[in-house]
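Next up, some structures in structure tokens.
Below, subunit A partners subunit B and then partners subunit C, in two separate complexes.
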Partner chain A sequence: MNVVLIRRILTTIASAALLLWAVATIVFFLQHLVPGDPAMAILGGASANPPEETLQAIRDQYGFEDPLLVQYGAFLTGLVQLDLGESYTMKQPVTAIVSEQILPTLQLTGAALAIAWALAITLTLLTAGRRGWLGRLGAGIEVVFAALPHFWLGVVLLVVFAVVLQWLPVVDDGPLGLVLPALTLGIPLGGFLAQVTRDEFDVALRQPFVLSALSRGARTADVRFRQVLRHAALPGIALSGWGLGSLISGAVVVEVIFSRQGIGQVLVAAVNAQDLPLVIGVTFVVALVYVIANILSDAASVLVDPRLRHTIGATS
Partner chain B sequence: MRRRPVLIALAAAGAGTVLGGCGTAAPGADLPPGTRDGGHLVFATDREPTCLDPHNSGDMPQTYIARQYLDSLVSMKVDGSVVPWLAESWEISEDGLLYDFTLKPGVFFTDGDPLTAEAVVANFTHIMDPKTQSSTALLYLSPYFVSATALSELVVRVELKRPYSPLLQVLAQAFFGIESPRSMARGLSENCEGPVGTGPFIITEWKRNQEVVMVRNENYNSAPADALHQGPAYVESLTWRFLKDNTARFGALQSGKVHAIFNLPPESVPAATADDKITTDDFIHSCIPFAFDLNTTHPALADIRVRRALVHAADAEGIVRSAYAGVFPYEGNAISTGTPFYDPAYSLPYPYDEQTANALLDDAGWTGRDEEGYRTKDGQRLSLRLPYNSDPGETPPADQTILQNFQAMQKRVGVEIQLLPKDSASLTAIRRDPLAFDIRAGYWNSPTAGVMYIKFSQETYELDNGQNVSYAFDAELDEILLDAAATTDPDLQQRLYSQAQDLLTAQAWHIPLYPIQTRLAIRSDLVSDIWIEPSEGEPVLHDAYLNREGL
Partner chain C sequence: MTTLITVRDLSVAFDGKEVVRDVSFSLRAGECLGIVGESGSGKSVTARSLLGLNGHGAQVTATTLDVGVDVLEATPEQLRHLRGSRIGYVLQDALVSLDPLRTVGTEIAEPLRAHRVPAAQRPARVQELLTSVSVPEPELRARQLPSELSGGLRQRALIAAGLALDPQVLIADEPTTALDVTVQAQVLELLEQNLSAGRAIILISHDLSVVERLADHVLVMHRGRVVEEGPTAQVLTSPQDPYTRRLLAAIPSASSRGDRLSDLPPATITAVPRERAPEAGPVLEAIGLGKSYRGPDGRTRPVVQDVSFTLDAGETLGIVGESGSGKSTTAWMALGLTPPSTGQVLLDGEAWTGIPERKRRSRRHRIAVVQQDPLSSFDPRWTVGRTIADSLSVGQGRRGGARGSAGSSGRERDRSARVAELLEAVGLDPAFAARHPLTMSGGQRQRAAIARAIATDPEVLVLDEPVSALDVSVQAQVLDLLGDLQSALGTAYLFISHDLGVIHHVSDRVLVMQGGQVVEHGTADQVLHAPQHPYTRQLVSTLPRRDLQEAS
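So, the complex of A and B:
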């Protein structure tokens, strides 16, 4: 069993490394396909007015006129040493910028994921498998939630709760400032997860074990919460890894609206300014988060579903 | 079953915050009464600089913030005159080639080093050094600058290649803020995070994407002669907050979270006007207004009749009013009303006149019409490409409206305008390629009327640095502008710059639309004495104080 487990872990790590290399390579070449002179980007972009000598000095300094493969080689060498280079625009090491900005984004996405799950579980427990208007209402709410675009929801929440009602601060760096951005990200994902969970819940409700539990005298609410929900939550958990990734892309919008620190804002600015090292650094870290999130969601599935514990190692 | 799952979540979130949410940037209840001293000021702006050292790059957000921690050699007043700042006095040689600045004694950088002539020389060296990656400051200096030398402990001599009378106004900009040599020697990566000057505030922390925090320089003794008070700033500390989103920025002001905001969103102007706690302060930059530059390498635009027809057909005044609802004024002259030596005679040179436009186009030979109703000549449609930045931060919705209005107005006289949305990188790529665009929109902020030379001279045409967007020049105009730069006689300058405005208007190389503004909205119930300096429209917070009892 141990050998199998170790092999499994090694395979996971190797495929993760391969994925990260692929991501970095694709982004590297994509960025070089973008028209424009990176030396201009370094000197301030479209609104700047550098003389030709300055531009040439920059091209020499950064080796922009080297063959692309030479630049790629230098880039890969840096990558293995975890040196992602220095940002063209911010003049700071990319690793320093990313490590400063990743934490607020993870806080935001973590809080949003928690809200999404709280919404999904509440909606499912209360309305799934119910006949009549209650079930339809629940399903309707989910569809509406899942369809809300972040940029719209964010502005509406901001105007209603921060500007008009003033229940929450417009800007705040503490936990209070996290509420509206996390709701903006969490509500649509919550609607989406609830839809998946509801389908599964309906299926599980028709399983024989429900009937036998009820016939043993268990209360309906207990059966729904203790037994059926376990089944219903599985696909949602599997999707959470993907969900976390989608939250990070959603964070791009939300961080701008709520002026939060974070990787999303950095990515937007970096792409706009053609800041190649920073774009690669952020993309790389986001890919890393995806990989880790998927590993975690696998682990969570095992935790919730005891059947999986036996299959791991034993049969594979 | 309880049927309020969603409401529970929202209500819980709401209830928890009733307590904490009311924390405003409190009026000075807890501040000592009867004095302006103390307190924490929060200022919010839209754009974040990439580097806090304004010698590097040279974008507007850098000057706005640099003004708070750097002092310049001189300070410019609204009338265009220049008063002492770090330089107590200066002498200009007869031929206009030598500028000797005498520095204020007893001034120290906030790292403890004294301000000396050598330090000022180091600043010029820093700007001219390619490693600094300067763009704007270098562009101002490089055509004229020969050297800077320390004549004595406190006297600096700047030597020029040719006379340049706007030099003093240029040096007043925060792009030329004087930094400590020790700070600059640390290299870009460190100096960008926290340049050290002699200014009223000291940078303590820069949280990227969020804010720059500054504390008062307790030893400040070098305020400019036009400051409202000498000595250290009134407020103890200052937060320079970045709030990109218009709704969030104005919302933060309304709820009192911030004391003042930069760039009041045009759509929030009615709300700000209606709110008696909010005052607004609009300042018109000295600049070449936001304008459509017509690329004269295009065969049709090489014809002055076509260019004039475009201006007559555009109804520039109408399209600005429609897009900005009167918040931005229209400007038809080559330079803005905020520019020294502006001549009001040219403020509305080409009134809207469809008939004249049609007659000019007919006259220029664009008499055919194709099936879509556009004018043709020799089977070629009169079609012009207008690329623009699709990022709403760079091209705000109102500017997009202007572009669309322009397109619609030109269609009426049979001219096709192709609006081409582009990302920043693609726009950067075409800015030096005259074949890639026919019309481009842009502006040029500069504290002097000499800015006309930057955009419309043979020198910048040949330099090909993307400034002469019209790819046009005129020997007479060059001569007039060079003469104006060579004299310090204001009457002569006025005469020459008026001639230049006349010539530029006649050439119709560009279609001016509106001047660039610094637009502040201030919670006047909370804070007083925030003002705007005129060289680059930089907000000045050194004189600001928080309102409290007994004042």
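So, the complex of A and C:
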């Protein structure tokens, strides 16, 4: 087996672990800087007006008065056992809540990423490297798409397609209910990706290998689709790891607008209720998704760009 | 013989600007037509017109443009059928002319795909083509990417793609530019074989020796027009047009030693020649220099082994060799920028390597460098004047800081006067000080690079392929300038080039390098007229025939 490849995989895993540890640590300490008594949060907040003895009992039970480092140690020990503690407000293990809620969010962001890529590729193939109004139209559409804020786009799509035209349901847990939220998330990212792929497409189109292919009788459409698009996709793929992460932040807003289940809804509720374990749990899982998304986008780059594959092989 | 291509009064304009004007020629089966000219002379545009590949912005007019079909009347689909099947087109610089993301096999199979050769037959045809252009291990090569092949193999693969459908005409646009001399000879041989097999070739080149070897008939183009045409031997031995004559005179070779190559007047340089006691030793000495690098697999590979030479004041030592022979590594060690693994360099008899940079800094101004690509060796955001002034401050070093009381504005004035003086010395108008490198031509940039290098009045100038990126007439001017500067300033040159003609023209003594080692060393005439080592003999045998005739 290839030594260089193994070393690459090990480095990737090690750096991912390091990143996750850093995220967990930062979130843990930040949460402890926030004013407020977690024991109060567990007992339902100040409005519940719990007696002082009960508060003290809770503090002792959860170890809130232990030194911070001891609490941090307990937190890390739990973390490596995949135990993120119990939610203060929902009285359930955080892992159970998060693993249940992450699925709809992943569906949403996955669908949004697919829409974004479909948009970017279509816009690029149809309009990039074209002279005259078609090229300018494509570039214009991308700027507009990339500039659309999620909260506005979501409401507009909801009003137009669900309320006025009634083509799609307002709230639905099935695949139909996924269409509008996924469009809301996917369209701005698609505009952004298309800007990147268009630039690269234009650069690749000026390369001598394009002239070379045409001089052998290749069709222009073939050269664009089979050769140039591949070059154009590379920077977009590299950005997709980041894109998926940004979609999860976007999902927080979109899930509220469309009243969808998901990690975004959970996070908003947890922050409002000062539910420390749940906030940390959600943040940690989002970081995990980020890391995995970046590994996947790296793998996709290697798949599309054979030079990366070959250089790994060549040094073995 | 049948006439394959007839062109009458071809003109091409882009946005109303005419780049090709009234070009006429014809090509018959088995014939080779050479089109010679410098960059921007319109030779590539002429060739692309034959395929209808000049792009949307081009206005192409001609009384006849017949390549089997009338290109001006043909539909896009008819033109597409013509490309590859009737005319094969091979572009220059195979690294960028092959798609870096596709395997060589896919690339060669492309014309077969485009012209509907059944998929089942393509792999066998690709193997056959790679074999026909003498690519070893064709099965392996077909699976590799262009970046994994050497320059020579890439160029062959590109030619194989051009030949895939057995076209009657092959257009080779600078097929040997950027290739080492021995590889260049192999590629020309390949084209020669095609020619004797009855294929017609249009050979485009700025290099007269390449055209001379293959072409039956030559067109000399200058600024979009054909200035001279005729049988190759006639054009090259008794040129009628002044431009052709200038072009021929500009080629550096053994016989041009001591003569001026360009018709520019000698540079006027006012300088006191360096006083140097005759008994003083060489200005630069390399003793047993070696450099090795550790590869990613942990093995150590020697790049340079046991290179020794001396360079006397005012002398030129040429280092010649192919890419990968260790020439540039040797230059960098001489400059004290790459520490040698073994051996040492002495500058003026004092240790120059093996000491910390701190101890070198005060002597840095004594040795300077001019690189091949002046564009990438300049900061594009700086004006030429600022770049040169910057290197002046290196020369003054601490001395400049110590006399701070002289007032900064006075120093500033001194400096811009010196910049102007340097620009004039290299034949540039002092107004160039305000220009940015991007707005200058290659020759102007190289002159500015030379001005920067001589700014500190160095005793040694390392010239690393200083004219390799230049057109032949610009090359001639730069070589003349370097000669003028050397006689006025007494600077010693370490001149690195892959071009034997250039080396012979400029060098007093020559070092031939191969695989990191010096294989031959002697005076220029010894080494290049009576080579002893088989490798040098092989190099010399690739020189243009005309030179050999004159020499004998």
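We take it that the second predicted complex is superposed on the first by the 309 of 316 C-alpha atoms of A that agree within 3 Å, B and C clash if a C-alpha of one lies under 4 Å from a C-alpha of the other, contacts with A are read in each partner's own complex, and residues count from 1 in each chain.
Criterion: contacts are C-beta pairs under 8 Å (C-beta built on N, C-alpha and C of every residue); 3 or more make two chains touch, one makes a residue touch a chain.
The model shown is predicted, which means the values in this text are computed figures rather than measured ones.
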| item | value |
| --- | --- |
| Touched partner set for A:Asp305, first subunit B, second subunit C, both or neither | second |
| Touched partner set for A:Ala213, first subunit B, second subunit C, both or neither | second |
| Partner chain in contact with A:Arg230 - subunit B first, subunit C second, else both or neither | second |
| Which partner reaches more residues of subunit A (counting touched residues only), subunit B or subunit C | B |
| Subunit B versus subunit C as contact partner of A:Ala162, first or second or both or neither | first |
| Touched partner set for A:Asp37, first subunit B, second subunit C, both or neither | first |
| Contacts of A:Leu183 with subunit B and subunit C, given as first, second, both or neither | first |
| Partner chain in contact with A:Ala74 - subunit B first, subunit C second, else both or neither | neither |
| Subunit A-touching residues of subunit C, taken from the complex the two chains share | 48, 51, 53, 56, 80-85, 88-89, 91, 93, 96-103, 110-111, 113-115, 144-145, 147-148, 158, 161-162, 164-165, 296-297 |
| Residues of subunit B that touch subunit A when the two form their complex | 1-3, 5-6, 8-10, 13-14, 16-18, 20-23, 50-51, 56-59, 130-131, 133-136, 138-139, 142, 188-189, 192-193, 207-210, 241-245, 247-248, 251-252, 254-255, 257-258, 389, 391, 394, 423-431, 463-467 |
| Residues on subunit A engaged by subunit C in the complex (per definition of touch) | 4, 131, 207-209, 211-219, 222, 227, 230-231, 304-307, 310, 314-316 |
| Partner subunit B, residues of subunit A touching it in the complex | 34-37, 40-54, 57-58, 61, 86, 89-93, 97, 100-101, 115, 118-119, 122-123, 126-127, 130, 134, 137, 141, 155, 158-159, 161-163, 165-174, 176, 179, 183, 255-262, 265-266, 272-274 |
